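Shared between the two complexes below is chain A, which pairs with chain B and chain C, respectively.
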Partner chain A sequence: MTGKKKGKLTKVLDYLKHDDPFSKGVAFCPGCSLELLIRFIPQVLGNDIVITGTPSCSAPVLLGQNNQSWHSLSYFGTLMTGAAANATGLARYYRKAGIDNTVICFNGDGTAADIGFGNLAGAAERNEPFIYICYDNEGYMNTGIQKSATTPFGASTTTTPFGSASKGKNLRRMNLALKMAMHKIPYTATATMSDLGDLAKKLLKAKEAKERGFAFLHVFAPCPTGWGYAPENTIEVCRRAVKTNYFPLWEAENGKIRMTKTVKKPKPVSTYTELIKKFAHLNEADLQILQDDVDYEYCMLGGLSVLEAECQLPVSTED
Partner chain B sequence: MSLNKFFKHEGPWSDANDSLMCSDTGSWRTKRPVVDKDTCIFCGFCAIYCPIQVMEMVENSHFSPDLAFCKGCGICAKECPKNAISMIAEGDFQK
Partner chain C sequence: MNTKIKAKAKAGSQIKVITGNAAAAIGAKLARPDVVAAYPITPQTEIIEQISKFHADGEMDCELITVEGENSAMNAVMAASLAGGRVFTATSSWGLVFMYDAVLATAGARAPVVMVNVNRETPGIIAVSSGQQDMISTRDAGWIFLIAENCQEIIDLVIQAYRLAEDYDIQVPVMVHYDGFYLSYLSEVVDVPVQEDVDKFLAVLKDQPERTKLIPGGKLGCGSHGILDGYLELRYKHVSAMERSKAKFEQTDKEFQEIFGRGYGGLIEEYRMDDADVVLVGSGSMCGTIKTVIDKKRDAGVKVGLLKIRMYRPFPSEVMVKALKGKKAIGVVDRSLCFGFKGGPIYTELKAFETQLDGSKMISFIDGIANTDITIANVEQMIDATCDLAEGKDVREVTWVSYPEAQEPDSEKMGGR
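Here is the complex of A and B:
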């Protein structure tokens, strides 16, 4: 039977134009979305990139161990407090020296939203020419699943555990990407691993935008170990996060927000939380708080995108 | 051959001019993905979503995992639109 091959190869493969610089067997957990992301970036953007990063889940692989390396990219390991400042130095050096490459500051949400947020905001304000990618696994996964600023309401972590005295995190999460868009930097976007074509487009746009200044990408990267879901559900968790508007996909050029994927009939957030053990203890009332928060964030985003279209920036961002 | 264009040395560690470090991640696997060649429609979803990127094209007809490095997470089986990939326990292959 020869006529059965009616499927067409997915277009995402067309974006993977470059070699995978990583060794095949690297020390990431099975089902890790970070591994997919870090292999995806150089395959889309090319291998002429310099990655800087901080102690995080990515560091054991990106930094190398003993006297060997897991990959053949250039990597510069920095402290969490100065991640964006170090990338600034690198990007300025390459610009001054006339070397054409892309500096990528690749950090988790702990560095981006908590510890290194000050100099991230500083680099955005100075409009430094590099790409900052935050992979958001909603906590400090490498050090033992502590809560971070992007941990959502109700999530059980080791510092906000579910028990007799605590019902998980009782605060709402920070919307980091929206904060960065408010800096009116050339490019801000959110992306996730279930829509790789969208992620590839945003990476290429960020590479193009860094000629004009700072580009920020917020990538939703679920963690099977820290969140407590089966490793095979990684992509499904990303997909449901988008379909429930828990993590809407949008981009902003110079602060002008545009939705890149609109969900016609958003599902209730419980279809997302039911997959994940860190939300397993939430009752109806808690879920309603989370749902209200998700709705509020999405409504704000829609409102801002309308307002941005009506109002003009008073000064041009071109210098 | 090295793709490391910008730093010759990053310190005494992680010199990418040497051969790359590589773990035997295939030994982590508890379940093995087995591709049904006849059901596979060659769409490539398993290949793009595989975190380790071990799904290889075979003769432009189907995909097959590199079992030396496949960690057995099962994303390929979950994401396959035709359910052409089944996860079978490693013990079954030792009999």
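Here is the complex of A and C:
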């Protein structure tokens, strides 16, 4: 507990000001990034949050069973179809009743990008005063590894299986965070479990931003069970997703995009996919399609941040 | 519809000529909800427009959520209700169906939501027209269902609904139904209650123990996995609360009468039933027409009466059996269909109690589907047929009154092929 290493660790631990409200042993798979995330949030934001969750990977632990619970947070088990509307109802009533609150609408990508996308967009449009966190494990991992809108090109899932006539998902993934930033909501950010200091800062910014309206966090949350990698590699998968720009870390305040971590020399996306079985069947040409998509998304992100700044110029400015 | 307008204003109350939708909106306003979710759909839209105007004019101090769809409307008010708020929303037909998962979840969570449903035909055939098929399609959702006959009853039922939904011993969501088009857009004389009276009527709820509320740091979970005995316990308690709501509604109706000077008889209204030999059973706006025809038939010496259903869920079987027992013949008028059964839904349900009716015979009338008017002539035909049944004549079991081409659905006759 001496030396440089301690100082570095303390920076992240400094953010953990509150108790972990979860039981020490819970019913998540070994190596689950969602468990790390859900324990991390209340330690940073406090235990007086109200958290909502849907039937999903988070449900076995978040929602409890009958009168028993894995944690001591106030929570609401919602429908996938209306998760953001449920959080809206809570936050609006607390505002009406003058009750200080931090409502966290905590959902997987199935709810956020697929079945509950309409009400997520509705809540963003109305600038509802709560924090929406999407933990993105790129499919319906709890239901049995089916494809969702955020499943990337080439991934083999149980509804886009690799076979003699199929290369896995033959469609590109939805860029959910960028869509949300385009709503020009007070705060949008991406984050992952390999960069905890970055995540903690973004959580606190989201809490501050929800006083002005809607805050959205898109957290990359790999799944050893569904993706096919060793449980001990979860953090490494996160790290490589960032280093290849497969999942860049950025934030947007009122639509103004800013990279929170810039990768000087991005590694090829194959250094990320090589860890994961769901991509194992892809050949070089297939991987190039994925690489092109990653490059395109990253380029768009940079381009939009420049364009957004230009559009912010006062009307009177001469050019 | 309101055939007998008693424009006798209670001191301080206002007599207004307003639509059924306006009555619903004013009823909601008088109940002072904390959170209202608004999404338009014909023929309900005028309700949320009026509420939006009340809100814009500072007459209504609520959080108004202009949601992006009905599914979100129900989800938002369910959550706000579980957090402790008084809530209101309104919908119709396709909207009710679009929020169906949340309608079920709201009941399962025992969230005391009050919603108006302006009856309209459901998806299947695009019918922008009246009918109770939407009500029938959601009757097993675990909500309390009330049905209004006229604009006055709409405003009164919306107010009364909160006393049922939020009562500590009940805590079950309430849906107030009324016929779209016939009542939604019909202007009638309405005695609009005074705010102080409504406050007084609803103040009883404040004296009750506080219901469980989902608040920050409160260490409370809503919507856990209920399985095995946990699920059974919650379902049994829900069913029991539904049963308790019958007596509660009777009592609430009496208290309402004490304050507002209007009572409706509770779960059912009996019209000229005492010495009646034959009875029509109906609900909603058709009852105004039926009452008019009954008066005419009575003048001609026909002993006919009406049993109007006001509370449809829970099904008021006890009072219905008591009122119908020993009558010679009963004609049940349904404004909806019961797919898989020949007769209408309410007819089919009442059939379950036939053995308790001491030999009363029953027939089914299907009418008023998709804005086919239930006319005076139609009601006369129904009464005549029911009288024929009473006299032992051979009468068809099911009649589609406005569709004379309809054979009784029958595989041999190949009716409706």
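Here is the rule we go by: the second predicted complex is superposed on the first by the 301 of 319 C-alpha atoms of A that agree within 3 Å, B and C clash if a C-alpha of one lies under 4 Å from a C-alpha of the other, contacts with A are read in each partner's own complex, and residues count from 1 in each chain.
Rule of thumb we're sticking to: a residue touches a chain if its C-beta (ideal position, glycine included) is under 8 Å from a C-beta of that chain, and two chains touch if they have at least 3 such contacts.
These figures come from a predicted structure and were not determined experimentally.
J.: Which partner chains sit in contact with A:Leu13 here, chain B, chain C, both or neither? Use first/second/both/neither.
T.: first
J.: Under the stated touch criterion, which partner chain does A:Thr234 make contact with: chain B (first), chain C (second), both, or neither?
T.: Only chain B is touched by A:Thr234; chain C is not.
J.: A:Lys264 contacts which: chain B (first), chain C (second), both, neither?
T.: A:Lys264 sits against neither chain B nor chain C.
J.: Looking at the overlay, what does A:Gly31 touch: chain B (first), chain C (second), both, or neither?
T.: Touch partner of A:Gly31: chain B, not chain C.
J.: Would you check which partner chain A:Arg92 touches, where first means chain B only, second means chain C only, and both and neither mean what they say?
T.: A:Arg92: touches chain C, not chain B.
J.: Based on the superposed arrangement, let me know which partner A:Asn119 touches: chain B (first), chain C (second), both, or neither?
T.: second
J.: Which chain A residues lie in the overlap of the chain B contact set and the chain C contact set?
T.: In chain A, positions 47-48, 50, 63-69, 72-77, 99, 101 sit in both the chain B and chain C interfaces.
J.: Which of the residues in chain C come into contact with chain A in the complex?
T.: Touch list, chain C to chain A: 34-35, 37, 62-63, 65-69, 71-85, 87, 101-102, 105, 214-231.
J.: Show which residues of chain A lie in contact with chain B when the two form their complex.
T.: Listed in rising order, the residues of chain A that touch chain B are 1, 4-10, 12-13, 16, 19-28, 30-33, 35-36, 39, 47-48, 50, 63-77, 99, 101, 193, 196, 224, 230-236.
J.: How about chain B: which of its residues touch chain A in the complex?
T.: Touching chain A: residues 2-7, 10, 12-16, 18-26, 28-29, 38, 41-45, 47-54, 61, 66, 68-69, 71-75, 77-79, 87 of chain B.
J.: Hey, which residues of chain A end up touching chain C in the complex?
T.: Interface residues on the chain A side: 47-50, 52, 59, 63-69, 72-79, 81-90, 92-97, 99-102, 118-119, 121-122, 125-126.
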